[in-house]
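The structure appears below as structure tokens.
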Amino acid sequence: MRDTLAAPPARTQAPLHHLTEPQRLDRSLIEQLLQATSDFEQRAGQAQDRLQGRLLATLFYEPSTRTRFSFEAAMHRLGGQVLSAQNAGQATSALKGESLEDTIRVVGEYADAIVLRHPEIGAADRAAQVARISVINAGDGAGHHPTQALLDLYTIKKELGRLDHLRVALVGDLRHGRTVRSLALLLAKFPGNELVLVSPPGLRLGDDVRGAIGAASIHETDDLTGVVPRLDVLYQTRIQAERFASADEYGRYRGIYVVTPELMRRLSEHAILMHPLPRVGEIEPQVDADPRAAYFRQARNGLWVRMAVLDWAMTP
Amino acid sequence: MRDTLAAPPARTQAPLHHLTEPQRLDRSLIEQLLQATSDFEQRAGQAQDRLQGRLLATLFYEPSTRTRFSFEAAMHRLGGQVLSAQNAGQATSALKGESLEDTIRVVGEYADAIVLRHPEIGAADRAAQVARISVINAGDGAGHHPTQALLDLYTIKKELGRLDHLRVALVGDLRHGRTVRSLALLLAKFPGNELVLVSPPGLRLGDDVRGAIGAASIHETDDLTGVVPRLDVLYQTRIQAERFASADEYGRYRGIYVVTPELMRRLSEHAILMHPLPRVGEIEPQVDADPRAAYFRQARNGLWVRMAVLDWAMTP
Amino acid sequence: MRDTLAAPPARTQAPLHHLTEPQRLDRSLIEQLLQATSDFEQRAGQAQDRLQGRLLATLFYEPSTRTRFSFEAAMHRLGGQVLSAQNAGQATSALKGESLEDTIRVVGEYADAIVLRHPEIGAADRAAQVARISVINAGDGAGHHPTQALLDLYTIKKELGRLDHLRVALVGDLRHGRTVRSLALLLAKFPGNELVLVSPPGLRLGDDVRGAIGAASIHETDDLTGVVPRLDVLYQTRIQAERFASADEYGRYRGIYVVTPELMRRLSEHAILMHPLPRVGEIEPQVDADPRAAYFRQARNGLWVRMAVLDWAMTP
């Protein structure tokens, strides 16, 4: 009977493995997760049954087929099953006014781990405080997106061979972009990394992240073209239309930084271009064929990273 | 090849096991289902494969992540697989004007049982009349919610040791609240139970349920504080905002009965506080820590009850 | 470990098996798929594990519980697992402005095949051009719906014993009806078939399909009653409300052709009445009991056809 789901295990006393705020990941846990990621990638094509008999709940209060699919694919590739809420904000008790905490408590009675995407900063942390099962933050508003940051690290390591002494430009909407906020925190945990922040004045990286990183390793500019030549990683992001109060305000920023074939000519041969996707014009399609354009490889790495994170979260 | 789904079995001549109207459940079937529930709970942590090779369709025309997840978790915990429609009213042929009957006929060709939530009273019964597979009512408007009533019975039995000679207050919106409507019917099938109905005049329990129960065992009041001391079960419910014609009408009722720590002081030591959840303010969060607050344990029981119901519905 | 999903296999050099435009299906492939369909139907009730370890992504940008369920049921009946997007247009990066191509590229990193429903004509073909995995068209606007046409062929073969020298009336909205557009193309690949097109002047079959079929085998009329007696197949369709610019325009066509018991009296004993469903009044419910009413049997055939198509699409 190994091939079916067990009923939920007796409540364990072991501490839960939540993944909510990237700042709490220490370097040794990061390296452990990246090693597990690599192990899963090496075993691609081999059946895995490490999470057989386990049930993952994906609770998405904001739309994202991409991220949800990558977690659900990871769970299935590990032999587990999934409960899926694609639009939890409209298709749930949330509509009736239930608190996030109550929802988490109840879902915790049915599943073995929760992947949560929510529009409010700090939502995953609030969930983790009441949950009886592990909570994984798949994006909390303009807060953080730690599994994206882990897959970004994994991509950099795989493409460039190291995670330290790198010059990385983070470009675009650094105020609302949770992926770059999380990535900046994680890169700062490795020695010698320099972050070049490229954003218009209104979209600068928040003080919370700056404070955690320390000013010494940050350079700031709004001139993309000028900084490109000396980079190891050019990390482009989308202007987050959904975070602006008005279409006018969004319109002011949209299209200010676009990666073109011309810009790519200024980028070193050894460097890579990354993007968390989706993109809406900030990388021209002609760039896709450039071997330094790593964003689809990056997306693929999401599968292995999420296998590693789910395996860790559901193994006491 | 035991570990995969079989194609749908040949149509059997055995009668289908529908669960639509709680009134049709006789006491012996109720006790059989509660015993099966207990058996599944005892075996928590052991893999079950009783529904391996079977496919459940969850058709939700009204939003509910909670109830849908509990059925889908139950199906997975029994080794089965799920087809899931989270918002069938908007994401289905319903939008094109198809009758519920036609939808049920077609889904009946693909799955082995249907769990249906629908805004119209009687919808599950209509579905059962045309279905070639078992139909389970997961809520039909202001009609009934029989699996919730079963899990309520199971919770009472487990917490208090018996299902008869109890004094149970049903509190709140008894007109629209399908969970209390169904629970009242099931409690009346056991001897000596007294129902105390606590609701404002406009939200009284419907005559259909009263008629089935008989007036002898019903007491009615709008004074919650006065009835609390002598209760075995205080069953609080939500005012059903979505069933009122206007926000004004809802506003008139919202917040009239709230369970506070003060009220809990009047409740017997041996009694329990139940709620079908979600709640939106009618139980203060400080009450959660009270050991008599049974509502999260109640939610957990939903898993075992639904395992028992699905197993019964899909076993000829 | 046969009973769990393998990680995605190494990229194969074998050509992918896309199913996007019915015109590209040659007669030998059609016959191969219909034979596989028959084999799966014969083995109904036996567990299948041919797609064990494989993952199907269903991406529906237009609502359809029916078609999505039939693909997902087919995948589960073959032992596979599913990633499901019920409302991809609202719950995905599409909302953020991502191109269909980028979505397909990323989903192609997580799954082993994609079933796509999309409101734009040609969307499935565009998807297939960038996908690293097989793409199956489950409806592209007013374009095509090839798996529906295959199940229609399978139904005709099963009910009437042959696919050639048939007189088939296609009735209703032939301009927007992708199921009849695809069926017309496939029927024309078998010798001796005569198509009787019955539609009001504004809803005639498009020139693209006419051109591919050739005028010789087409008869056109707007008089349904007159053509019924000599038919082998009466294929009724729904007027596609969602494709009209205004409710007024839709109202002009709605209800012009209705199959009644009276009309059925004019139909030959050996003939059948088909409909792709959903229906909204164009077949009266009293007709359902007529043994020549084949539409629910037709829906059931959808399961076996989709098993055959998925098996073909995921087997190099």
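Think of it as A, B and C in the order they're written, each chain with its own count starting at 1.
Here is the rule we go by: a residue touches a chain if its C-beta (ideal position, glycine included) is under 8 Å from a C-beta of that chain, and two chains touch if they have at least 3 such contacts.
Quick caveat: nothing in here was measured; it's all calculated off a predicted structure.
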Rotating chain B so that its CA atoms sit on those of chain C: what angle is that, to a multiple of 5 degrees?
120
Self-contact between copies chain A and chain B, residue sets same or different by half
different
Chain A and chain B have mean C-alpha positions lying a whole-number Å distance apart equal to 38
Which residues belonging to chain B are in contact with no fewer than two other chains?
2-3, 84, 86-87
Residue numbers on chain B that touch chain C, as the complex places them
1-10, 53, 55, 57, 59, 81, 83-88, 90-93, 95-98, 102-103, 105-107, 109-111
Spell out the part of chain C that touches chain B in their complex, as residue ranges.
2-3, 40, 43-49, 52, 60, 63-66, 69-70, 72-73, 76-79, 84, 86-87, 238, 241-242, 277-281, 296, 299-300, 302-303, 307
